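We just call them A, B, C and D in the order they show up, numbering each chain from 1.
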Amino acid sequence: MSDSLDQLNARLLQFAHERDWEQFHTPKNLVMALAGETGELLEHFQWLTAAQSATLSDEKKQQVAHEMADILLYLIRLSERLDIDLIAAANEKIAINAVRYPAEKVRGDARRAGEYDD
Amino acid sequence: MSDSLDQLNARLLQFAHERDWEQFHTPKNLVMALAGETGELLEHFQWLTAAQSATLSDEKKQQVAHEMADILLYLIRLSERLDIDLIAAANEKIAINAVRYPAEKVRGDARRAGEYDD
Amino acid sequence: MSDSLDQLNARLLQFAHERDWEQFHTPKNLVMALAGETGELLEHFQWLTAAQSATLSDEKKQQVAHEMADILLYLIRLSERLDIDLIAAANEKIAINAVRYPAEKVRGDARRAGEYDD
Amino acid sequence: MSDSLDQLNARLLQFAHERDWEQFHTPKNLVMALAGETGELLEHFQWLTAAQSATLSDEKKQQVAHEMADILLYLIRLSERLDIDLIAAANEKIAINAVRYPAEKVRGDARRAGEYDD
């Protein structure tokens, strides 16, 4: 992992330990918590137009930043529990996507992956 | 941001540009895509017991790593679109949570934040 | 419940029983499964404009109908496990919302509930 | 649709009309709102064991019932916008699942659908 994610991981480990919360942090529970935070992020955007979603007020942007932070924190916590290297996985996934979506084939087209198989 | 997230961000920007996909990457759409990936992560864990969720097979772990990678990648993409510093927001959120959940008050107790107000 | 939901509930109970799947249908697991299906629904809409989302092709509409069906089925299954009357709860919620969002106060305004407190 | 869902649909149409909220109720937005409510449902269950999730307190059960109601209401609202018959789609989906998961093949086994293809 990167230094920054490593530092966040260490802070989260200590945070959970001090509160005796490791017992709740099963991967299954952490996945649910991550998804719950994603729901909160959605709620900030659900009634906005695409244009409005790109021009948030400072107050709203701050709230959105904290929801995104919650997602990242659960992602880091989950990667620690499962012994997964997030950064390595992300680089792998970009490489996979580069093969799956060749630029010349999908330019300007955002259909779902499976739909290109036709 | 950290060096690793910066590098992923740069790769994602190039990826989107080569495919003329910036037009689809409104914050609203990226939030939906992030939530869609979270759904895929949930599906891997929905029928597992807590214990099973902590002892994934290598094959399953690889799949889970890639779903987590998708979430991270959309999180990075969204933070770029909204000009949000993910790492700074994550550190802020940990500081907020430390005040919100004092260790001596919540030890061993995982009720929801609001429920501590009682 | 309504007759139609009652009938679906009976079909689902039999379906689970014939497959010895009751053991997996804890409320926690069913909530995850419901959320996983919601993720699939999101994926159909994530790159569409608002206008495109209102004019789906017949094929896409069929797929969307089946994702919505999956959500309804898990909702029914969950209500059976928790002994909750979905229709009664829905009517209650509409009554609550009518008080929470007085027409004259929120007309043409879709900000989040909490934001009206200011 | 069933009478009960029809009645809820009529109440929701009137509710939206009185508040001039039809403008926000694009299928895309409704899907996001539905997913946001699913996130709230998840949050009620994320730290519970499977056993705890089956023995909710009356207060918690009431809260869960209202989150489930929100999901049902957005599902009905979305089906109206897209002209989809939810009950018919649900019956179709059960029939599809009966073929996809033959009882004798999947008894006591809850792996994901795709995994049975192997």
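Here are some notes:
Keep this in mind: a residue touches a chain if its C-beta (ideal position, glycine included) is under 8 Å from a C-beta of that chain, and two chains touch if they have at least 3 such contacts.
The model shown is predicted, which means the values in this text are computed figures rather than measured ones.
Listed by label, the chains touching chain A and chain B alike are C, D.
In terms of C-beta pairs in contact, the better-connected of the chain pairs C-D and B-D is C-D.
Taking the mean of the C-alpha atoms as each chain's centre, chain B and chain D sit 24 Å apart. Chain C and chain D have Cα centroids separated by 2 Å. Within chain C, contacts with two or more other chains are made by residues 24, 28-29, 31-32, 35, 38-39, 42-45, 47, 49-50, 110. Put simply, chain D touches chain C in their complex at residues 1-5, 8, 11-12, 15, 18-21, 23-24, 26-29, 31-32, 34-35, 38-39, 41-42, 44-45, 48-51, 53-54, 56, 61, 64-66, 68-73, 75, 78-79, 81-82, 84-87, 89-94, 96-98, 101, 103, 106-108, 110. Interface residues of chain C, counted against chain B in their complex, comprise 24, 29, 32-33, 35-40, 42-43, 45-47. Looking at the complex, you find that chain C touches chain A at residues 28, 31-32, 35, 43-44, 47, 49-50, 110-112.
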